[in-house]
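After this come two complexes, each holding chain A, first together with chain B and then together with chain C.
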Partner chain A sequence: MKLLRIKKDNFEEALRSLQNEFKIYIPKKEDDNVVFSELGNFKDMDYKFERTSHPIKEFVLPQNETLFYFLKDGSREKESFDTSKRILLGVRPCDAKTLKLLDFNFLDSSYIDPYYEKRRKNTFVISIACNEFGENCFCDSLGDSPYKLNGADAIIYSISNEELNLLIDNEVIFSFFKKYSEKIEEVNSEEEVSEKGKIAERATKPLPVKELKEKLPSLIGSTDLWKNISATCIECGVCTYLCPACYCFDINDITFGKGGKRLRSYDSCMFKEYTLEASGHNPRPTGAERWRQRLLHKFLYYPDLYNELGCSGCGRCIDKCPSKIDIREVINYAFNYK
Partner chain B sequence: MPSIINDNPYLPVQAKVESTDFESDDKTLKTLTFSFLTPSVREKFNFLPGQFIELSIAGKGESPFGIASNPTEELIKITVNRTGYVTNAIHNLYKGDIVGIRGPLGNWYPISKFVGSNLAIISGGFAFTTLASLLDYLLENYSDKLGKIYLIYGARNPGMLLYRDKLKEWSNNPRLETYITVDNKVNDWDGLVGFVPDIVEKADIDIQNTYTVICGPPIMIKLTIPKLLNKGIGKDHIYTSLERRMKCGIGKCGRCNIGKNFVCKDGPVFSYADLEGLPEEY
Partner chain C sequence: MNNDKLITEEIREFGRKAFKEENVEIIIGYESLNDNSLKPAVIYNENEVNKLTWNQTASFNLATLLRKFKGKKTGIIANGCIGRSLVVLINEGQIKRENLVIIGVPCQGILNENNEELYENCMSCKYPSPPIFDYIAQVEPLKVQGDTLGERIEKIEAMSESEKLSYFKEQMNKCIRCYACRQACPMCYCETCFVDINSPKWLSKEVTNEDNTIWNITRIYHLAGRCVECGACSRACPEGLDLMYLIGKMNRDTKRLFGFEAGLKIGTKGNLETFNPNDPDFFWKGES
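Now for the complex of A and B:
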């Protein structure tokens, strides 16, 4: 790992040289949302890098993605891969972590997802340590920290008016920045970096996620618990669409003229149709079973399979829930349920 | 896990419809056979009874079907219940039409465990498909390696029984003890009458060292398993093949999980012991 001190002007020069090979995306305000959009005018670089309204999964698993094109008579199939290279600049550590969570599913050795794999290989992340907590984020309550690398290729620690500190954990990215930096230090781990700037700190209220994992198997049959949790849920699915770790998808055919394409699109375990079978049988017939699935997937199955929670604590599901359901309260409620 | 035939697991391999035949008198069930457009694909398409394919019709979509043919047969056979958008399109296929096949997918019945034991195959309705493949395959290759073989199979009425030519053949095969039943008494039926769980209860099954494989509608499975447990058959000796709504077939799209297992990738064959303590979402 290399710790670089770079003047802002030089940082931007390095980005310009990167643009010969990569498309660079930064958080940008669009109406009420902050979204990653391509860096064109460097005047847009205000170095705030606000947390985006949408997670970065869109860059590795787009909301809609063509798997292949076909002719209706079944005679020809042509795959469609996205191999463009990009850098996401100003990603929050919680979001950087979710790429690792998605890798568990899509790069699982029994079957590798070729569409995801190609996008993932070409997506680089330069994240930024948080210097304050958002209204609803809670990575610290899950035992994580808002200034960790979390699998990103580089992280910006502190920004003054003139310069910034950049920790780089990727040789390719380093090769672009090295000639522009004022000072380069070799470090063995991110813990060694002493000067991290103003970092987000607060008295953390830990969530009992480890204990909940142990308790969840015994709660599977607690019908009332799941009914209570799901009582005010309108099953709009926004929590899953905006969750950076949720990846469930649907596959459908779309036709035009003599041909068409097979498309995959986000789906949600909160939807009745998600598990509805053609016979009419539905193994998760009500919101109670669907909520149970969502909670168990993130806090029991994911840790069981991969030793990580299926949640990074970004808080988007809390921000946008129209019924004001707060996953932190759900975790505490389930943990204390008798 | 045996490899799926294409490098890209989402891309189907082209196959041609070789035959389409109504299987049930009410014409809701149809049996189709397929050959691959490139014949050499069949050599790579190694499957065992219990595995399934995703069959797609370009522009209509894709659905999973258990393979009903004996793995040693050249053609791939499935039986399809006409019930939704894709299955309607499949029922409208003609000989010579081109379809897409992905697979073989999922796991298979643990045949190696059955060696040296008795085996009871229990089925209801059109879930019999992969069990017919299993029975054919076992009689051909494992006849001398198994103890007693029982077949208990029921349908609503005689016209809904699958593979009736085969059933006749199996009923006359001394290697097998068969119990073929229909739900209600009807004319021209001189076989058993009654629901599968009740027939299982009454059947004289040698429970010593017996494995059971059970496939059918969820209600049949739920009612039959207690009868087997009552007879003293162990939870790890009861196997079932589960069905769920599926899309990707390779454990990625998320919808078919039961606990941390995916029916498509870790199943569809599970032992009752595997399923214990998990949400009963099947």
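Now for the complex of A and C:
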């Protein structure tokens, strides 16, 4: 890893040179939402990089994705992949983790998803350390930190009026910034960066996720636990659609005239139809079973399979839940359930 | 003592009575999330009654949760919006009045997410108290503050067609079809929503402006004469679609064209369930 000290003007120069090869996206406020939008005017660069309303999974797993077109005569045509290279600039460390978590599922060596892979290969992340905690973020409660690289290609630290520190973990990205930097140091990890500037800090309330993982198998049959957790859940798709780690999708054929297309789109384990079988039987008939699935997937199956939680602590599910259900409370409740 | 505290004490007392004397199995109400916010809560016995809390952040329509507890004798905290929702659900045969113990709250209006001012549907609320109840807190309800929603609708109406279309498209572009609006609505109780039927497929799963428009318009039309304008759909929306405009417009049209407002009285039929031979627009009038 390389640690670079760069003047802001030079940082922007480097971005301009990157723009010859990459589309650069930065967070931009639109009404009440913050969305990644392509960097055109450098006046938009206010170095605040607010956390976007949606997680960055949209760049690798869009809500709609045409897999291929087909005709009645049996012929089919592959969708042309968007192969443009892009850099997401100003991603928060919790969101940088998205790609790491989704890679486990989509790039697992035995089942590689070509659609995901093509997008993923062309997606680079320059994240920024958080200098304060949002209302419902909890990465620290999961043992993570708001200065972690979390799989990003680079991370910005310590922005002053004139300069910033950039920790780079990608040779290609480094090659663009190299000639613009004041100082280059070789470091082994984020921990070795002494000048990180103001990093969000607080008395962390750790969540018992490790202990919960051990306990969850014994809770699967605790009907009342799941009923209580889901009592006020209205079973919409907000938490899963806005989750950086949720990737479940549905595949449908959309037909028109003599042909059609095969579409992949988001699905949610909180929907009744998610597990509805053709016979009419539904193995997860109520919110209780669906909540059990959601919690088990994130806090038992994911760590079991990949040694990482299926949760990055971004807190969007808490921010946006119409019933104001708080996953942190659910974790504690399940852990303390007798 | 301020109104919130007074109401909270009263609903706890009524809650105790509901468990003791009326044998309810559960009470659906609100509990404190933190100092300035409430969340929906379901309590199962008298010992939990002190969880029940009321203040002006009770933004969730509790009537929505009834479908999860069908057949149970249920106590429910109800302000005007929730009370009116209960009336619609009773009139539509979804719940039985005798299975409900309604703890009424004359509403003081609900504060918006910044806790600064009332939601626009609360400003023009004419029915802050529940039309039916078994108990009711003794406080003065909110008086009409002004029709900010109506004024906003008029402004949108006054736009040119192309301006209106672009406003509409902009709103529909935001939709991610998470169906939080539907799930938060007490009247959206269809066992299977038309969007979830895949044979025949009424609506594609593709999130496009056109399909989002079909979704939102169809949902709103399904609520004509059934919507109590509680605003739960608009608050549930994670993307900030202007659903208040859509439902406000539809409700005002229903009032203007049919003289009908939903959920005011048990035993009344919805405007789309009735037929009046004196209807001035009656298409089958013949020559008489």
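We take it that the second predicted complex is superposed on the first by the 335 of 338 C-alpha atoms of A that agree within 3 Å, B and C clash if a C-alpha of one lies under 4 Å from a C-alpha of the other, contacts with A are read in each partner's own complex, and residues count from 1 in each chain.
By definition in this document, contacts are C-beta pairs under 8 Å (C-beta built on N, C-alpha and C of every residue); 3 or more make two chains touch, one makes a residue touch a chain.
Computed from a predicted structure; not experimentally measured.
For the composite obtained by superposing both complexes on chain A, the positions of chain B and chain C are free of clash and fit together. By the document's definition of touching, neither partner reaches A:F138: not chain B, not chain C. In the superposed model, A:G237 makes contact with chain C only, not with chain B.
In the superposition on chain A, A:F299 contacts neither chain B nor chain C.
In the superposed pair of complexes, A:F22 makes contact with neither chain B nor chain C.
With both structures placed on the common chain, the touch criterion links A:G287 to chain C but leaves chain B unconnected.
If you count the residues of chain A touched by chain B and by chain C, you find the higher number for B.
In the superposition on chain A, A:D250 makes contact with both chain B and chain C. Of the two partner chains placed by superposition, only chain B is touched by A:T275; chain C is not. The gap separating chain B from chain C at its narrowest, counted between C-alpha atoms of the superposed chains, is 5 angstrom.
Comparing which residues of chain A touch chain B with which touch chain C, the overlap comprises 250, 252.
Those residues of chain A that touch chain B in the complex are listed here as 67-68, 70-75, 77, 79, 105-106, 108, 110-111, 113-115, 217, 220, 247-253, 255, 260, 262, 264, 267, 269, 274-279, 281, 283-284, 289, 292-293, 296-297, 300-301, 304-305.
Taken in their complex, chain C has these residues touching chain A: 33, 37, 39-42, 60, 64-65, 68, 174, 176-180, 182-184, 196, 198, 201, 204-208, 232, 235-236, 238-240.
Touching chain A in their complex are the following residues of chain B: 1, 4, 7-12, 14, 56-63, 81, 83-84, 87, 97-100, 218, 243-245, 247-248, 250-255, 257, 259-260, 265, 277-279, 281-282. Only residues 31-33, 53, 63-64, 231-232, 234-238, 241-242, 250, 252, 254, 263, 265, 268, 271-273, 286-287, 320, 322-326 of chain A touch chain C when the two sit together in their complex.
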